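Structure first, then comments.
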Amino acid sequence: MKIVHLIAPALLALALWQAAVVVLDMPSFILPAPAAVAARLWLSRALIAEHAWVTLVEVLAGLALGAGLGWVSAVALAFSAGARRLVQPLLVFSQAVPVFALAPILTLWFGYGLLSKIAMALLIIYFPVTSAFLDALLRTPPDWLAQARVMGATRWRLMWRVRIPAALPGFLTGLKLAVVYAPIGAVIGEWVGASRGLGYLMLLANGRARIDLMFAALLTLAVMTMLLHALANLAIARILARREA
Amino acid sequence: MKIVHLIAPALLALALWQAAVVVLDMPSFILPAPAAVAARLWLSRALIAEHAWVTLVEVLAGLALGAGLGWVSAVALAFSAGARRLVQPLLVFSQAVPVFALAPILTLWFGYGLLSKIAMALLIIYFPVTSAFLDALLRTPPDWLAQARVMGATRWRLMWRVRIPAALPGFLTGLKLAVVYAPIGAVIGEWVGASRGLGYLMLLANGRARIDLMFAALLTLAVMTMLLHALANLAIARILARREA
Amino acid sequence: QDRMTVILDWFVNPDHGPIIVAQELGYFDEAGLEVEVIAPADPADPPKMAAAGRADLAISYQPQLHLQVAEGLPLKAVGTLVATPLNCLLVEADGPIKSLADLKGGKIGFSIAGVEEALLTAMLQQGDVALDDVELVNVNWSLSPSLMSGQVDAVIGAFRNFELNQMEIEGVAGKCFYPEEHGVPSYDELIYVANPETMDADKIDRFLTATARGVQYIVNHPQESWELFAGTSAELKDELNAKAWEDTLPRFALRPAAIDTARYEAFEAFLLEAGLIETARPVSDLIAGIEAGTSDAADAGQ
Amino acid sequence: MSAPALRFSGALRVAGRVLFDRIELTAPAGHWTCLLGPSGIGKSTVLHGFAGLAETDGAAMAADGHPLPGRVALMAQSDMLLPWLSIGANVTLGDRLRGTRTDADRAAQVLRDVGLADLAQRKPRALSGGQRQRAALARVLYEDRPVVLLDEPFSALDVATRTAMQALAARELAGRTVLHVTHDPAEAARLGQQILIMTRAGITPAPPAAAPIPRAPIPRAPDAADTLTVTGALTRALLETVP
Amino acid sequence: MSAPALRFSGALRVAGRVLFDRIELTAPAGHWTCLLGPSGIGKSTVLHGFAGLAETDGAAMAADGHPLPGRVALMAQSDMLLPWLSIGANVTLGDRLRGTRTDADRAAQVLRDVGLADLAQRKPRALSGGQRQRAALARVLYEDRPVVLLDEPFSALDVATRTAMQALAARELAGRTVLHVTHDPAEAARLGQQILIMTRAGITPAPPAAAPIPRAPIPRAPDAADTLTVTGALTRALLETVP
């Protein structure tokens, strides 16, 4: 990955943004110009860095937990069609519940600390990983399954040695989605009740119409997301390239 | 799909819900008991149906547009590594933008009508479809590509006849995710500015402290999501079963 | 030291001045309280948390309390934080809306709180406009932007101590139509609520007394108190909060423990007439420490 | 663990289609049986029946009455190597699927036997077609089962390698019940202790009495006179089967 | 569209590894060349070179100087059928990848020729190994190119079918430049107008002068005396190549 691959899209984004502001005559209280946001970013760098750090911790925790739990659930569900029929609708259900209905329940259980935020982030990250991985686990080429059956594979070893490795690309597809959703998941988690983090800062800035600050925080979040995604992409490409060669 | 496959998870969900209420001693203003919500659902059936209809239209429109656009984008991006490097970060960026930052921009462009809601739903649906499909498109077995090359395939026909069909399972994985995200996407779209729809109804009920109504609307949304998902799953299973047999 | 949890209505802002100042100046310590202040993102949550016993005290809005009690939440008012309405119907000062009558056929944005239809019906009546004559749009997160960008003609739910200043900072002059001047009975915007069954009246008492000292300090030392407040957190120190501080200062309840029962009675009647509640409850159901049938008590919190 | 005879007796079906209403086959215990026949007649399906992969309704069984699963090794018509495992790991896959101990020495030995010792670390994609087939052969030898089903195991090998691999298989699988599908009459003449031809009419022993299967132990010399005679007789018999 | 001679001259590489520093091969225009050699020596890699699939740095070319792409049909060692297309659709895939008109009659004809007329609607998964190989053969015949590369095209077929398919291929590909990799000496003796053996030492013509390639047009009778002589000579030569 060359540095130009990072800079070119950034320039494109800036150009689009500036064009939106100029051509569409966006009022600054709706979409401030890049320069204004950059200035705010610089002026409030200490503030933003402090909150970004909090969010980053939540993101990484949510990602580790969400991907881990997603992995485990997908494998567990792949074992049993019965469990799948019973549990999958509930997973789907969980994705249909809006934050504001969930927030009071989560805080009642987990309080206002880090836990309820991570729970929220997890709920968002968990689903795409489980869903994409499970999909792939259920698509193991039947010939391999047959060969393994003849060899007397136990259910668990068949899963571990054949179905999981065969489904690796599917898991990685889910993981890539999760990496993208993790930061917004953490931010939404912060709406559950927080006094720190980029989500808090954005909501505060928005509520108090400090749009430049909000966009500065948003930009930080977006850059965090893109870096995470670029990193994950790179790592995943390496893994897949080495896999069959 | 037998009817028991619909009823069993519903019963499980009800049991979990009732257990949460009873065992955890959930106050009814945070999580009302199933019976209370069912009663409200029945009493307010006309109201809820009216708003559900609005949301359903948004969901289907968002789904059609999101899946369609996702399909087109993934194919376009699969053609060119350059475009991918340039555009993919922007797509990732788009997923990092929270609603409240986007809401004023969307409504400024699209007004308070159906359009801004569909735009929001689309933004949410679009990404998993594009991402999962693109992933699969970039994983066409190299042997098939080689064979097609020898046959003198044009780039576009290679895409259409080989890469797209080979990536079909990946597209369907994305589509399944999209189906789950579509209803919440529409609901979030309604928060951007609306006077109708389940999202609006939920906000209103929440504002008026009518928690039973909020959960009745939420239940309607969840059932809508689960039915969509079950339908999509069934259709997708049919497609895949017929594909190679 | 008794531990105590207080949930604000939203993130910390100048509306919470007395609590923050009391905390900073150690008034809570002196009252034998160790107060944990929690700032939620959604104003609908705090009353639920208080009702559920997750918090000793929550800050809410008087209109909400009426609705919540009507829906059976175990909540009562125990004190007052801001003793006037803050809500207002906001229009552009230089815009076409000069009087409420001009709103006929216009668009009004709102951010759902539950009572805006009632407020609007009463206010529009004064301009001889029916609710059906205007189009209501829930603009949720973009009250003032939707107004400033001309997408709506007015917004209800704007706070006079914030949105007005905010528009000024953006260079657009705003104008408020005050509900209490246009047919809506006056009410207390921010109040303290607690679960009457589980609350510890003594702790609450000490808490309110300490915040009363906070208000006192603010009124006596507006500048120092602002600096004290702004010094608690980097994100609070800005022009808007400074202006809002000034505008909020005269609106703090000087006697937080005092509750004007007449206001509750009148507002309950107002909501009943608007059809938002089905029966009018006695104030003893709304305010703690009032015996049933003694609706003429003036101060409940002594 | 003595090798049982195999018996197929009943309908032959694949994916819901009936190939034969009734078919009979016996592979004597501890002997090498070759099965030849036109393309698409159902040879692989018979093997799959014994491997437990086809819906046989009990038509395929071991003559000793004990269940077959666990006693069978199958080398399928396509190599079935897992692309993410090295050749070495593919060879010992069975042990790791069952949770039994892998025997690294034996694995190295069979890989040496099939001539892939240097390629043990490679992934299947980096092998030639014949190398992949030998890897699959190494795996089935490593499996060390009393019943061995081979589906055209040497079809992608050159003459020299094929001859060597036939000898290797005959040596390694001696005393086991082997059912070996092949299209090569010379191979059948060299390895078969029983040779069967499958046609639309069913499964019949071959070659005819005029060219009986030699008594010589397997692997027989490819250029021995009786091997060549049997090859010729088989070829003639096969040319008569209208595909 | 006359068939060009093929010439390979240079290094033979695969996936970055050098198999031969320099290798030379000529396949005369309009003739059938058979290439034999031990497993893993690089035969498929040579074919891939002519098909434009290997990094050959221009080592593989047409003798007439025109570029090869567009004039070549390849039947790879594995069938390369697309599993979601019916056999019929797989046969005409080339046309649909190029956007040229498909010729339904010709497709039906080649499918009839390879004996799969009844299976045109089936998907590849529902075929036997030999049926899939014939479908791939049908496809390469349908492609109708002046240069045809065949990588063990008949290896999964029984004797009768194989003989028929060899005859079919010889008839259909007459006048084209064919490079045919095979492990079957009899097949080479029957079809080869030039026969080459690839060993570690390079590519050399075979068989030796003692058993020259018969003059008879291809396909030659499999049991003709000179065919059998060449088969024997080739077999001996191949047995001498240490794999």
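Lettered A, B, C, D and E in written order, each chain numbered from 1.
As a convention for this text, contacts are C-beta pairs under 8 Å (C-beta built on N, C-alpha and C of every residue); 3 or more make two chains touch, one makes a residue touch a chain.
Computed from a predicted model, the values in this text were never measured in an experiment.
Chains that touch both subunit B and subunit C are the following: A. Averaging C-alpha coordinates per chain and comparing to subunit D, the farthest chain turns out to be C. No other two chains have as many C-beta pairs in contact as A-B. The most distant chain from subunit E, with centres taken as the mean of CA atoms, is C. If you average the CA atoms of subunit A and of subunit C, the two centres end up 36 Å from each other. Our note on geometry: subunit A versus subunit D, Cα centroid distance of 51 Å, whole angstroms. The mean-CA centres of subunit A and subunit B are about 16 angstrom from one another, to the nearest whole unit. Annotation for subunit C: residues 44, 48, 52, 141-142, 145, 149 touch two or more other chains. Those residues of subunit B in touch with two or more other chains are numbered 30, 100, 104, 108, 203, 206, 245. Residue positions of subunit D touching 2 or more other chains, listed in rising order: 15, 78, 126. Interface note: chains touch in the pairs A-B, A-C, A-D, B-C, B-E, D-E. The touching residues of subunit B, when paired with subunit C in their complex, are 27-30, 99-100, 103-104, 107-108, 111-112, 191-195, 200, 203-204, 206-211.
Interface residues of subunit B, counted against subunit E in their complex, comprise 143-144, 146-154, 157-158, 161-162, 165-166, 168, 243-245. Across the complex, subunit B is touched by residues 5, 8-10, 12-13, 16, 24, 26, 30-31, 85-90, 92-93, 95-98, 100-101, 104-105, 108-109, 127-128, 131-132, 135-136, 139, 169-170, 172-173, 176-177, 180-181, 183-184, 187-188, 199, 202-203, 206, 214-215, 218, 221-222, 224-226, 229-230, 240 of subunit A. Against subunit A, the residues of subunit D that register as touching in their complex are 48, 51-53, 69-70, 72-74, 76, 78, 80, 82-85, 93-94, 96-99, 123-126, 143.
The part of subunit C that touches subunit A in the complex is made up of residues 10-13, 38-42, 44-45, 48-49, 52, 54, 141-142, 144-145, 148-149, 162-163, 166, 169-170, 234-235, 238, 240-241.
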